[in-house]
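The structure that follows is given in the form of structure tokens.
The first chain written gets the first letter, and so on, giving A, B, C and D; residue counts start at 1 in each chain.
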Amino acid sequence: MRRRCAGKGPPVRTFAPVALMMLALAGGATAEREESGQGGLAQVIASSFRARGQADLDRLRQTPMQLACSVARPDALPADVQQRIRRDALQTVRFPPDGRWLGEWQRGEKIAQSGTGLQYSDPPDAPRGGNCYGCHRLSGTEVAFGTIGPSLYRYRQRNTGDADAMRRTWIRIWNTHAFNACSMMPRFGDAGILTPEQIRDVMALLFDPASPVNR
Amino acid sequence: MKIRAAMQAGRVEVKILMAHQEETGLRKGPDGELVAPHFISNVSVMHAGREVLRVQWGRAISKNPFLQFAFRGASRGDELTVTWVDNLGDSRTDRITIT
Amino acid sequence: MDNSRRNLISAGSLLAALLAAGSKAADLAQPPAQWNRAAFEAKTVADALKALGIPVAQGGGEVNLTAPEIAEDGAVVPVIVKSRAAGTREIHLLVDKNPFSLAASFFFPDGTDAFVSTRIRMNETSNVIVLAVTDRQAYLVRKQIKVTIGGCGG
Amino acid sequence: MPCVAGPRPAKQGVRAIADRWPLAFAASALAAAALACAAVRAADPTSVYRQMLADDNPAELAVARGQELWQMPRGPKHAALTACDLGQGPGVLAGAFAALPRYFADTGSVMDVESRLVHCMVTIQGFSRPELAAAPFSELGEPQTDLEVLVAYVAAQSRGATIRVPQGAPQERDSYARGRDLFYRRAGPYDFSCATCHGADGLRIRLQQLANLTRSEGARSAFGHWPAYRVSQGAVRTMQWRLSDCVRQQRWPQLIFGSQAAIDLSTYLGVLAGGGTMDAPSLRR
């Protein structure tokens, strides 16, 4: 499983339902502009970046979701565009075949602390992190946490009584666009950033009663 | 070096910035090999033939080191001399007039 | 390593030479400056104190250490030390979890305040230890400084 | 103290997060986040650290070196840069940095301070453009590059100047428009745009404050403080370095030095920062 999903291929998948692309274009939500003056944006992008390390130029090609969400007010996208993005995202999610949601929170904490991975400066073989603390508060003792995403401190306690919490959290980590069309959180499973094993460990960090998130 | 020495209430307040890479010897370079230690080991500040501060530094000083101290017994217009020496034998001496 | 040690020794003697007779610093007629190699190469605070010749120190309300509780980057940690103990001759700065414990030694002649401000490196969250030495006593204070991880790349 | 979660009841859990997650762009959420974040800012755990480093900026060492290089006859043509026109006339430095990027008729292009300095070093001093462009920024442990110290010096001559990046020429307006589109462009394996981190007020990554670069206030703070001495690197870094390092962390390929995209992003920021005050080189983590 680790091998299958470790992101050996290009990490950005071009899952390209043509209908969505058309909708995005029709909705005026494209990031491309008409060419003008010293050259249009597409031309400028083509001449302004160079492949380096593991970051090849293919990474600049946008998925339909990326294209549609490249606007100042993604919440103002037409409802049907958002709905399609969510639906397509949900279809990418792969659940653990053995039904085991939780790995080890200790490994999950390491993954949450590490921001290594997929930068051209990172060794391609180095274990990747999720950099969860970059955006979220998790453990009660780590003071260096970001605030781009909501606090996940006491995550287990917040979800008591929700029988579906683990499945929903798995989806959120795998491809959060299933819930919110233009969420800012990376698609950790779908884009091959973390392996399913690693996602299990992050799940344990969130749900294990012994995890520092819940103590 | 960037040195400021200003009289304030009878004291000379001295602030010194030294341009130096301060390699700890513990950092790996792009080739994966440790970069050799290279750091300022001694600083001496002289006023009117008298040493007013003597410093020994190890490898744990930040790049482009900063040093601030204060002493008595000088006046505006006096000269202050700052000398550093590093572990590879490089050295630099700068002079400044107290304002 | 061998190379650097030789260099460390020569650094002290070079400054000594400069101070004694160097053309750049002809007016610096001072005793030779030293570099306390044993102290700066000590790997523990205890060994560093031993090499400094200060085996015993007492807790020091006389010594003031100003430093941030949280440093955003261990590469630059500002520290300000002030000793009110009469006759303070030396101030030493140590970091207990650095690979080499002793960071800096300052020597104050008469007329110079027992005060210094500088910026040090810290490998990780650790105690910063300040030792102020008078003619008769040594005072020790410590403060924990948390070194945080920053940025997007981790 | 979490910033975005605010005072909501804890039991809402996953659903609540699902509802709140992408709202940072929405006006209502912006207001809510601003309120919730006021408490965080007040208790900023790194404020002591920043205050202690506020004075005695080692960037002054680079400024002094930059001044030497500016005045010294150098290069194959053995000429000083004092004839270099940064937009206010040959050799005029005061306020020049605060009005860049701008359109230059002699090259027919919009240039920022870095590309213009390279232009001057090539045309006036005879240096090789490919060599300058190949290593514009110093590596860790290396001395600052000539370009870096020159940028620091030129920026210092605009300290206190009002930012007024021009939009008179059509090329300047195009540069702004492309820069703005680039700012919102999501791509790469992390789906990040500039706006992902810099699209709302009061956010942090880890402990680092993120300027909201969709508004003038945030743009002024960012544009007005670069170049900056990065304490994490022990070196003065320029705006193009700043942009390029953001792009690296976006998991995009490398932003080419002097590229149109780099200049356009600078134009976008500079125009948005209009009316702000230059205070660079500053000091940044």
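Basically, a residue touches a chain if its C-beta (ideal position, glycine included) is under 8 Å from a C-beta of that chain, and two chains touch if they have at least 3 such contacts.
Treat the numbers as computed from the prediction; the structure is a model and nothing was measured.
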Using C-alpha centroids, which chain lies at the maximum separation from chain D? C
Comparison of A-C and C-D by number of C-beta pairs in contact, larger one: C-D
Could you put a whole-Å number on the gap between the CA centroids of chain A and chain C? 46
Could you work out how far the Cα centre of chain C sits from that of chain D, in whole Å? 36
Note: chain C sits from chain B at a C-alpha centroid distance in Å of 13
Out of chain B, which residues touch more than one other chain, so two or more? 22, 62-63, 66, 68
Out of chain C, which residues touch more than one other chain, so two or more? 70, 75-76, 119, 148-153
Can you list the chain A residues in contact with two or more other chains? 119, 121, 133-134, 143-144
Make each chain a node and each touching pair an edge, then name the shape: line, ring, star, complete, other. other
In contact, pair by pair, are chains A-C, A-D, B-C, B-D, C-D
Of all residues in chain D, which touch chain C in the complex? 45-46, 48-50, 52-53, 197, 205-208, 231-234, 248-249, 285
Quick one: in the complex, what on chain C touches chain A? 70, 146, 148-154
Can you name the residues of chain C that touch chain B in the complex? 3-4, 7-8, 10-12, 14-15, 18-19, 24-25, 27-30, 33-36, 40, 75-77, 95, 98-100, 102-109, 111-113, 115-122
In the complex of these two chains, what residues of chain A are touching chain D? 7, 11-12, 31, 33, 36-41, 44-45, 47-52, 55-57, 59-63, 65-67, 69-75, 118-121, 133-135, 137, 143-155, 157-162, 164-165, 168-169, 172, 176, 179-187, 191-193
Which chain B residues qualify as touching chain C in the complex? 11, 22, 24-26, 36-37, 41-42, 44, 46, 49-63, 65-73, 81, 83, 85-89, 91, 93
